[in-house]
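What follows is a pair of complexes built around chain A, which joins chain B in one and chain C in the other.
Up next is the complex of A and B:
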């Protein structure tokens, strides 16, 4: 997998813009400040990245969204089971602490969050960069953090030892939610997109 | 050496070989975790198999059962001093993490390939826990050969 530093920089700007838009949309839906900021965009080693994620053995709930179209991409949001209860309360406009166990409401809240993130990220890339990304229905899973992450990157790992990984910091004001949000763009299609918008270096 | 220092995490498609008192740990979904243990020399390794068969030329061989497992056995015997005659295996994982509609089931294929190779290599499978639809959390103690396994949502079982 080869990509120049200049191209990575452009991808970083594109990711920041789209994540920022998703962050604002989520704040509106939750009626509280949701701040998602880009932490790192890198060509990561598959083995090292999965090893690091396998260190996190917490039980998580996650939503994964596949994007189809000219640009392939995957999005994963996950957080510990107890954190998902806070998120459910925020979506249902209840006092935090009202939800006591993971149920269909929790699953719906996570699914909705996946929809909001995916649709705003893809809208930003489509309108600003002429990308063609169509979010597919979100899939909710609960499992160990490392297992969920492996599901996200498995396909990429079948064809390469490296993966293009976008990591973020996800915070919701007034809470101590620890969340992961990853984007895994399909490298070749994004190189074509960069070509099409004139980034040739 | 405290507990944290004893623990070694294994990533997807990786191989780690160590000796007592180290503990190897990993998480498994559709992948298969193969542990090999030499109880006499207290040497053990964990291979995290991602796919059954290698098809390309440029990828890491430990990702695949058909290349990773023979390499694992070779490394155990020639580079760490494990005795081939005393080696035994334990296998875990191979869950069905994706809806496959009857097509290629990665977990099942991984397990099948691993079992066939171990049989061909004459290595006994002393214990196994495979299948299902949830992830596995395993800890392999190279001192005792015990594998502590917890399938997501279930209680801990020692194999």
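Up next is the complex of A and C:
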């Protein structure tokens, strides 16, 4: 996978702008100060990243969203069970601590939050960069981080041992909530998008 | 009391819309999780209006809208989606949607969208009598 540092920088700016938009939508959904910020954009080694994910032995609730359109992309939002329960309570406007275990409401709340995040990221890319991508129905999974991440990469149809990975930090009301939000763009289509907006370097 | 059919694949969203609308004097006729179920429920329950999500599994909301309008040209369907893109809005309106509400929404926006449908319907009726 070949991508110049200049192009990676542009992808970082595009990602930041779209994640900002998703962050505002998330705050509105949860009715509290929620902030997602970009922590790292990198060409990651599939094996190393999976190994890192495998070290996290906690049970996770995840939502995966595929995008259709000219720009192929996948989003994975994944957080430990305790965090999922907090988000469920906030989303349902309940006192934190009301949700005690993962049930259909937890899965549905995380599914909808994934949908809102994915939709607002695509809204930003469409309006600001003329991308064409529409999120598909989210898929919710309950498993270990490594298993979920491996599924994401397998679905992406890995033909390379590298992937473009966009990692984020997630805060709610000033408290960092441990979670993973990965955007995995399909490299060739995003290179075409960069070409179309004049980033030729 | 006006009866509303709520269509969304997320159970929590159906629950939130149900709560908002019942608090504001509407009755929930039923719920559906995709566009196909929406048409079936529409035929069965004959609601006064429908709230319709767009991104749903099997049959999406745009197709659901088309099929409901094909069955009943007078159907009142409000699209509710996190997709805030021109193409999606234009396609919805072209196929007969009465309004388009972007998620996440304020309660007032949702209620206003439904109330406006009936206000408009009443105006049309008065207008056609004059």
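The rule we apply is simple: the second predicted complex is superposed on the first by the 195 of 201 C-alpha atoms of A that agree within 3 Å, B and C clash if a C-alpha of one lies under 4 Å from a C-alpha of the other, contacts with A are read in each partner's own complex, and residues count from 1 in each chain.
By our rule, contacts are C-beta pairs under 8 Å (C-beta built on N, C-alpha and C of every residue); 3 or more make two chains touch, one makes a residue touch a chain.
As the structure is a prediction and not an experimental result, all values here were calculated from the model.
After aligning the two structures on chain A, examine chain B and chain C and state clash or fit.
fit
Output check: A:59 vs chain B and chain C. Expected answer is one of first, second, both, neither. What do you get?
Once the two structures are laid over each other on A, A:59 reaches chain B alone.
Going by the contact rule set out at the top, does A:146 touch chain B (first), chain C (second), both, or neither?
Only chain B is touched by A:146; chain C is not.
After superposition on the shared chain, which partner residues are touched by A:25: those of chain B (first), chain C (second), both, or neither?
Once the two structures are laid over each other on A, A:25 reaches chain C alone.
In the overlaid three-chain picture, which partner chain does A:129 touch, first (chain B) or second (chain C), both, or neither?
neither
Looking at the overlay, what does A:137 touch: chain B (first), chain C (second), both, or neither?
Second partner only, chain C.
Output check: A:92 vs chain B and chain C. Expected answer is one of first, second, both, neither. What do you get?
A:92 contacts chain C only, not chain B.
Name the contact category of A:50: first (chain B only), second (chain C only), both, or neither.
It touches chain B, and chain C stays clear.
Between chain B and chain C, report the minimum C-alpha distance in the superposition, expressed in whole angstrom.
13
Per the contact definition, I'd like the list of chain A residues that touch chain B in the complex.
Per the touch definition, chain A meets chain B at residues 46-52, 54-55, 57, 59, 142-148, 150-151, 153-154, 157-161.
Applying the document's contact rule, which stretches of chain B touch chain A when the two form their complex?
Listed in rising order, the residues of chain B that touch chain A are 9-14, 25-31, 50-51, 56, 58-60, 63, 97-98, 106, 134-137, 152.
Could you please specify the touching residues of chain C with respect to chain A in the complex?
Those in contact with chain A are residues 9-13, 15-16, 55-57, 81-85, 88, 103-104.
Within the complex, which stretch of chain A touches chain C?
Spelled out, the residues of chain A in touch with chain C are 25, 28-29, 91-92, 104-105, 108-109, 111-112, 115-116, 118-120, 122-123, 126-127, 134-137.
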